[in-house]
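Two complexes follow with chain A in common, the first pairing it with chain B and the second with chain C.
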Partner chain A sequence: MARHRDPLLWRGLAAAGFPGARVRWLELPGSFRRYVFPLLVLGVLLLVFLPLRNPDPGFLITCAIAYALWVMPRVPRKIVLPLVVVALAFLYPLYVDKLYALPVLETFPAMTTMVPVAIFMVMALGLNMVVGYAGLLDLGYVVFYAIGAYVAAWFASPIFAGATSNFGAAGVAPGFPGIHISIWILILAAGIITAVFGVIIGLPTLRLRGDYLAIVTLGFGEILPQVARNGENVFGFNLTNGPRGITPIDSPGFGGWSFLSEAGTYLNPTTFFYWGGLVLVAITIFSSWRLRDSRLGRAWIAIREDETAAAAMGVPLMRTKTWSYAAGAFFGGLAGCWFAAYKTGVFPDDFYFQISIFVLCMVILGGMGNIWGVLLGAAFLTYLDIEGLGNIGAWVNDNVGTNIDIPQIKFGIYGLIILAVMLFRPQGLLPEARRKAEFEDALHGDELSEPKVAGERS
Partner chain B sequence: MVAQAHTHVVRIRQSWVARVTPYLGLALVALVVAWLIVNAVKEPANFFEVLLIGVSNGALYGLVALGYTLVYGILQLINFAHGDVFMLGGMICITLVTEVFRLGEGENGFVLFLSILGLLALTMIACGLINATVELVAYRRLRNAPRLAPLITAIGASFLLSNIALAVWGPEYLTLDPILPRSEVFSVGGVEYRWNQLIVLLITVPVLLGLVYLVQNTRQGKAMRAVAQDKDAAGMMGIDVNRTISFTFLIAGALAGTAGVIYALYYTNVRFDQGFQLGLIAFTAAVLGGIGNLPGAVLGALLIGLIQAFNEGLAWHAPGASWTQSIVFGILILILVFRPAGLLGEGEPEGA
Partner chain C sequence: MSADLLLDVTGLRKEFGGLVACSDVDFTVPRSSITALIGPNGAGKTTFFNMITGVYKPTAGRVLFDGVDITAKPPHAVVERGIGRTFQNIRLFNEMTALENVLVGMHCRLKAGVLGGIFRPPRVKREEAQAHDTARELLAYCGLAGKEDEYARSLAYGDQRRLEVARALGTRPKLILLDEPVAGMNPQESHAFTGFIGRLRDERGLTVLLIEHDMKVVMNVSEHITVLEFGQKIAEGTPREVRENPRVVEAYLGHGAAGKHE
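Now for the complex of A and B:
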């Protein structure tokens, strides 16, 4: 335990010849003290902005909102902050092209980036239920994503030309071959089918100890994309159309309104998929939050902390773990279905192993188990993956004079992030209080104490 | 009542899955054997050639699998970065051959012999140090952390190493002009056994014997076995646990380096992302033989090598190379689910 030291400011003032500054400051009334620092910051901000001839209105508004949220007392802030975040997120397509340039990163994420951001948020929250809540390491999460996407592809595209049926699908000409079911129904169906698949994978494998489970899921994650690539001719039946993929997938419209031809308006396909993705994110957040606090969620956390103790207290291990798999798979399927609809096609090369690790990296970076942390990790890493790394790389190459292709080694950067976070801040950027305690206990625990995890020999 | 209770035999009810599994396993093996026999009868020459390729593959996998098994035995950790250390070994070897040794085809036998020894020594040292560094950086701090933590850092380390190779050597295959002599050693029924195939075994067998000697007969090997059995007790007996673990990683890395040299010389091209794939196959071999068990790793590797070669090389009803990964991982999953102890493993690994 380090000795308590006064903050730098007081030590500096004491050194400058005002030894009693701290005491005198603390004697001032609290209502006065609370506003001094914000007012100082406001002064600095005004000093920065007043000399500018044409300050960017977007930047001014950002500063004003941030400042208002910062000085707001705690009670209204708890309500206002989420409202502001939700409003900003939903209105993003309306103001994105009016935003100012950022240093280094250059631009705010474009709409084509924001759709994958929403999709990866859903995936990361789904994986968080398995890794963060139940503590089961799943290295093959991409399987569920792929199944969700292929469900969309099978039931909303001309792949099965033998059947011709249309059930509420938008923008499909009568007599167009293939099964066409409305994407809105398929999203739910994809989630359920994927969850069932999660149970099928889980039932035999969840008995295994943690690291064996990880490697088995990894095995499934390698097998399934290969099946998709080779599935052109499964005993004479074209299941996945092989590496050429399945395309086109119907648009998720309503009736005759398919959204696919409205480019340039506010309701162009990208904006539409973004808003749909946000709704999915909202549903996933709500489900995560309610599941975590439910009987089942508490059982997951109990298993994560000590499997043996949980079993002794009457938690049915297999059933609880299988449910966590099913829940995680469900949201992976949702994300996959929405992604397939967004890309209007499914290609086996979209489902490589690295995606599983990429999503895992989001969960770890944000903080395993914490919903907001995981959302932050997903948004940040997806943005980096699609736009950020390219911009940062260009900036570095321009300013340092190097010539590194940074997007090419992006998985090395994710690997580095995983390593750095696990070694120096295993609880993640926004830790869940309970998880943090677990890791700190482990890192600073007595060398010879009993192992913390069931079945571990230290 | 009491007497009755003594005579009563307690019968543990086995689930039907547990009762049926051995028969299903036997049926599967019988099917594979029948398929092999049909192939051998139809085209014996092809069969024999594929068999030899399988043995070479198996020797290579064996070296990598031993690294997994050594590390697993001592830390109960799947060192995902191991495959990438192997890949780096291949890269280092090719760079050494083209930049330092400047060898070409048809070198004088004695020069070639000395060069291969030099290549082996340098690559083994380099890979050993890389692997020990990985342990020092990625695993040592997490010795007492929840079990999944080092597994996650292992994946991070693996990605980092393969991308270091990508940054240094680029995204294309790094190729080497073949330097091993390709003349035949002997031929049976028109199938030639070539020198480059023999050299694979000539390198592998002494390295394996050396490893067995090291683990069985030296002080350091004894320390390794003690630490694998019980770290705390070994520490109390005066063994420096951290140093022993570092040494184990060093040895495992050196084995991966040997495999890298063999791969570079025999297949003559290496790419940055091959390590992870081959590492997973080798890990499957280690699990098949019984993880933590050294002879098991070699046996499993030979089997996996043969299965891969048969799958890719046989003519009659073979699924073909595009299914190799699925077959190998299918074996991995089946073994882990139905017999986690592997073929030679004694009892289940603790906690399974």
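Now for the complex of A and C:
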């Protein structure tokens, strides 16, 4: 059978003029490879990033955690690693201000960046169900995001003053005009309404294959923001309030308490929106992971692999594809609703077509089909977009003496990133397990260097 | 028509533009038989298969399966009725494991939807557990025990052929269509596979319809043979009758060979 390719690292070293690096590495004692080598790597990191005159406890703690996770045997690590990640993510608002300075990037992402990061994670995972699992190229995903946001706007703002009512909305004065339904209810409603839209858009378009589907979804992605921009007067009815958008949108909360009522250093609206976002991310991860190993998820992957064969094995193509659209749309709707509540308003300019492409880039960059890869792609690109590029630009300008406005050319930079990924790592940063299988074997199987195992496998 | 016909095709015709790929073919498959469809390359055998399974819409004609008209039904509906198939050029889901391939085959026999998949109530858990058991059994039956978790792509050629059969069995068919199942196998493999086809009928009560080039396989295993040439049926009958039919010999060996044969 196909020979295992060496992992990237070894190929890179071989290309750099160290052809025997891998063999020599494997000749080193196991305990050295296991315990001493990570220590050396972290030691170098400490020397580079930590000026010794100013030892930063936060950085030392980070290194200690990293070392512990690195040398830990695989089985406990499988449980401990996610727990550590969850704890660190959840407590982030409490320690972000105390974190050390990063080289080049200056600071760790601020809370105002982390909320969109969570929202884009939900979106990217939703799109992943369509693009990554079912292999349907959707260039109009922003439509679902927008619908979710407008659901929040219609049912939790003063726009429909003619139908003033309150249903569990927090922190809204009695008699305040417009429909006010609790955001908690609206999130679910936004998801469901968006999923229904997914089916409506999907039924005519999903009959198309490949490029044609992409073009039609692209059309929808262009149409909807226009509708939002021009929806001031739909047969005399103000649907979207045009380019001025709809504001203010109520905040989530309970009874008389809403997110907006807290203004502490740590407990402020941003923190609550971040935590709420994390919960949404958790729900989305759980759903993605469960769906993937379900009857429907298998059918999606089968369609991605070979549509004709899938149909010949009894998978109803239209129904199955439409379900993937609906599921993806549901999470787009969730994200849109939460985003609208966070911004306390919706504006047509938030739903540009570029966002569809941006989310697609997250999926491709991270690794289509892999939940962790997609999360990584979403976090990385969202961070770059909001904060990172500006910081990098400032650093470049200061140190090189140039005067480039880097955020101005951000789409060029994203294009380059995607180009680089497509050229050097087309499977994405963290590819799906099934695409990575061979790579994995080579990485963990020291015994593979012995020919007998290779023989057994063929 | 008599009731023991599982598949009853009348006047099936397919035109691609001006080309008639399959010209008014009448064809029957008795229940619990092994029937073969043979003919030289380009005779229209696969086109015929594709029309029965709903991949192509016939230009004219009627397909009755188990007493029900399935003409021009979409592929998944045909599978649901009980026709499973394999492909001439292996079309497995390469990036899925052997077990998952069979589970996809079982798709139409399972019920879980989106919410069932996410929340996994006891009903879905039970269904999945049973489906996994059945899939393992089918793999073992097809000689793939121990290879459940291998990716289809990494299986040996013969095993891929077997996995195609296992996947088709997953659809719980009454009739299984095998499109050149031993193509590319060496004589031993081919012989073993021929025995396997017989067992499919004897042990699992399936009706088998196969397209095959390898005359030896066809003559050994099948009870009825239909010969197509240029989209037309030129002969039909038991292996012996077909072998002795001069038109068949001519189609396979060329003009003038009929006299010298035998």
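Just so we're on the same page, the second predicted complex is superposed on the first by the 378 of 458 C-alpha atoms of A that agree within 3 Å, B and C clash if a C-alpha of one lies under 4 Å from a C-alpha of the other, contacts with A are read in each partner's own complex, and residues count from 1 in each chain.
Assume a residue touches a chain if its C-beta (ideal position, glycine included) is under 8 Å from a C-beta of that chain, and two chains touch if they have at least 3 such contacts.
In this text, all values refer to a predicted model and were calculated from it rather than measured experimentally.
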item	value
First, second, both or neither for A:Arg290, with chain B first and chain C second	second
A:Pro243 touches, of chain B and chain C: first, second, both or neither?	neither
Which superposed partner A:Gly43 touches (first chain B, second chain C, both, neither)	neither
Contacts of A:Pro82 with chain B and chain C, given as first, second, both or neither	neither
Partner chain in contact with A:Ala310 - chain B first, chain C second, else both or neither	second
Touching partner for A:Ile357 - first (chain B), second (chain C), both, neither	first
Chain B versus chain C as contact partner of A:Gly12, first or second or both or neither	neither
Contacts of A:Phe220 with chain B and chain C, given as first, second, both or neither	first
Intersection of the chain A residues that touch chain B with those that touch chain C	438, 457-458
Interfacial residue positions of chain B with respect to chain A in the complex	76-78, 137-138, 141-149, 151-153, 155-160, 162-164, 166-167, 171, 230-232, 280, 283, 287, 322-323, 325-326, 329-330, 332-333, 336-337, 340, 349-352
Touching residues on chain C, where the partner in the complex is chain A	53, 55, 74-77, 79-80, 84-85, 87, 91-97, 100, 103-105, 107-114, 116-120, 124, 128, 131, 151, 154, 156, 167-168, 170-171
Contact set on chain A toward chain C in their complex	1-2, 286-287, 290-291, 294-299, 301-302, 305-306, 308-317, 323, 326-327, 432, 434-435, 437-438, 457-458
Residues of chain A touching chain B in the complex	135, 137, 139, 204-205, 207-212, 214-216, 218-220, 222-223, 226-227, 229-230, 357, 360, 364, 404, 408-409, 411-419, 422-423, 426, 438-439, 442-443, 445, 447-448, 451-458
